[in-house]
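Look at the two complexes coming up: subunit A is in both, with subunit B in one and subunit C in the other.
And now, the complex of A and B:
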């Protein structure tokens, strides 16, 4: 037993600093996936064509929706991979226990989710700038602005908590897989199988999931729902991680 | 063809594998390790900030969409438009007149050569009037085509011509309108109550109303497909 008393917050802070410097691969993957998203978005994230006998209207939309979607996926995958043994064992180079290790990982995930969300939204400007300069002369440009600063800030906050929520889902999935490696195959099969079974019974869980979160117009309720789900997913991850063997 | 059908899945798989390799710690790929990843992020962020500044600074020759408020007004106007046409109140639809034709005509029978309404794309109305003698008049009206409050300026024009005793009305040149739209990302649309749910997007929500109003002298025998036009009797 050591005579030096260590504070949890100090250890967590040190571990975050360590993770920030060591896990730079996550930034590379973020940049790569966002550039890929930008590339896909250059073709337009959607187009609408309607025709009547006299008019044929074709609108190509340019938004960074694909980049935001890819970033959400990146958040999920990054959190999933951070639960692998190689990453978790790193923490034992310091004075640690499972609580501080998980806590520092969650804070680190939040930090990178903030970066991911901000760069995803900023990439919208880059996309529009490129699209603007490659616009052929005869095509007209229509814009649909975000509105005021508060709408922009609200959207930014929403993006951050959406990416963070999916990272918590990835973290939970990763932790479950750590219980038994077979689960990496069993879990998707069970989840997809359940979705198919339930949808046959008229209960489309994926539709309810998206409606529950993304069709919520009230910002406060949206925040409450998203943060509650994030907390539940992380709490479940901690419960699952407690079932792992010591230093596993 | 089969390869094309599986392309999205293949791309997604490639992305997942590439990401896993980049993030996975035990991976042998040195790319993104050490400070390289951090520098990559910094350079990328600087690039994004610069593009944001340029985008906000340059005056874009664009049209800001005005949304649904204007559309609702147009929708009401369109309703009034058809009511007025069917009642023959031309003075009420004067603002939408695009073109007019006048043909000298002294025969007793007029043959109306038109395609079906759904092919022709315009609604044809015929009015017999005492005001005209030895003349056939045609007026083309069109209410604006709207895209989320934006009024399309290009106007369609049917091809109307008189040969001997036959008045031919054929579809004019089809107008191909191409637009590029810069929208906001879906998290920004989440709390936008006016535009509905986040999945809602810009569409041509209000199609234009059209009418070709033909005035012929009273007593003139008009021969044509009864389904292709509507007779108007202004009271």
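And now, the complex of A and C:
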């Protein structure tokens, strides 16, 4: 048999296709988690009311916020799961090395994050429909359409990169845990412990984290911050994964 | 070019040395058996060759490149063991199709014909298979991939005798039509004698023996007779194994370098000279050197109490 020279790009492409077909389980979990999100959203994500002697006004907002939140969580968890041994060994059933395996996983994660973000945002419309037809009440529903298309697209883009960023965080956490099983316990303890310690010292890291990413009003800056964080997390996980052996 | 070159290879797991200064090389296009007791380091060695594990020190080269994390080696190697992990979402047929996409030499026609012959259901999933069926399926993947270096780590686990026989025939036929380097680790040497060209015997992480199968079959010779008669012949000989039997007789295995003269003398003294099967020889060679004796002694001792 003659020896074959293969290109990294060729194998990455094949691996992406392979993962797309093999990891269909991630879509099942996406559907389940978004349906759950929808269910919880039926309570409305915000409401206000005011009353006069003659009439009562009660406004409930139905938005996809909860679904988006759940999707972010799903992105984190899916990426985390893809680093576990069973999935990594699936990679190595066929031709690959660390680099192609990680690269294809990142591309695959990006693809599913786009899908997850898209369905999460679209579920906002579904929610309004459900609320309109199903929810009881002396309703005078004010449904707002897409409104400003460009604003909606911007929101779409922001959701994608946020979900993608959290997937990179999950991927990094997963890779670190794979180094040593003890880290499953040690890592959360250290992270949460540090947060508590810092907040006692008056520095609330979680608040700072949310301000840093979510309260950025400039779209360009927001993109820059999110994408750089994503890149850093993935780069770190590549460094960590290079120390891993495949089968033991 | 050598298919595999290995020099002073070491591998350590947390507390235990799995491989100790292992050195050998394997020519291209041979079927080589890797023989050794449980825990001798066969699997570790094969995984290092396949690039799945990282060596601690020493040199390991597959087609001139270091296998760990190497795309070239991965593309030209397939490693099949009894714990293959295929995605649970894919059916057996889809797994074969993935194999076709990844391996350039993949013979899909052969894969499908074997698949039919062994009676697999295309819509079954890999994790639903029985032990023997799973091994059979993995074997099909290994054969169909036609990788220049094909590694089977105990491929026959769980297969019944008929399937094992089919497997040996399929392997040999495909090898003759498409010569490639095949590494097999096995505990069924007696069944594979006609298949293997060369044998690596590994004992406690080091190389005990590397020779062609034909040489191995004639490597040792067994002497049986009264202890005091056999004993003088054993002097100046390399004793590979010795066991004392009832009624003052003993059985000794020595290297087969007897001259006609010695042979004649033994015959006259009433020593039975018999050939030693390759499988038995490997067991003798890999007997642990401590004082534990055979499993019989475990029971004898308890009988004394």
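Criterion: the second predicted complex is superposed on the first by the 223 of 248 C-alpha atoms of A that agree within 3 Å, B and C clash if a C-alpha of one lies under 4 Å from a C-alpha of the other, contacts with A are read in each partner's own complex, and residues count from 1 in each chain.
What we mean here is this: contacts are C-beta pairs under 8 Å (C-beta built on N, C-alpha and C of every residue); 3 or more make two chains touch, one makes a residue touch a chain.
Just so we're clear, the structure is a prediction, and the values are computed from it rather than from any experiment.
**Student:** Of the two partner chains, subunit B (first) and subunit C (second), which one does A:202 touch, if any: first, second, both, or neither?
**Tutor:** Neither partner.
**Student:** Where does A:24 make contact in the superposed view: on subunit B (first), on subunit C (second), on both, or on neither?
**Tutor:** The answer is both, since A:24 touches subunit B and subunit C.
**Student:** After superposition on the shared chain, which partner residues are touched by A:14: those of subunit B (first), subunit C (second), both, or neither?
**Tutor:** second
**Student:** Could you look at A:86 and tell me whether it touches subunit B, subunit C, both or neither (first, second, both, neither)?
**Tutor:** both
**Student:** Once chain A of both complexes is superposed, is A:100 in touch with subunit B (first), subunit C (second), both, or neither?
**Tutor:** second
**Student:** For the three-chain arrangement built by superposition, which of subunit B and subunit C touches the greater number of subunit A residues?
**Tutor:** Partner with more touched residues of subunit A: B.
**Student:** For subunit A, which residues lie in the overlap of the subunit B contacts and the subunit C contacts?
**Tutor:** 23-25, 86, 90
**Student:** Within the complex, which stretch of subunit A touches subunit B?
**Tutor:** 23-36, 44, 46, 48, 50, 52-65, 68, 70, 74, 77-78, 81-82, 84, 86-87, 90, 115, 119-126, 128-129, 131-132, 135, 138-147, 151-152, 154-156, 158-159, 162, 214-219, 222
**Student:** Spell out the residues on subunit B that touch subunit A in their complex, using ranges where they run on.
**Tutor:** Contact set of subunit B toward subunit A: 15-16, 18-20, 22-27, 31-38, 40-41, 44-45, 47-49, 51-52, 54-56, 60-65, 118-122, 145, 147-148, 150, 152, 156, 171-172, 174-188, 190-193, 197-198, 201-204, 207-208, 210.
**Student:** Can you check the complex and tell me which residues of subunit A touch subunit C?
**Tutor:** Per the touch definition, subunit A meets subunit C at residues 1-6, 8, 11, 14, 17-18, 21-25, 86, 89-90, 92-100, 242, 245-248.
**Student:** So in the complex, the part of subunit C that touches subunit A is made up of which residues?
**Tutor:** Touching subunit A from subunit C are residues 13, 47, 51-54, 63, 69-72, 74-76, 83-90, 94, 98-99, 101-105, 146-148, 178-180.
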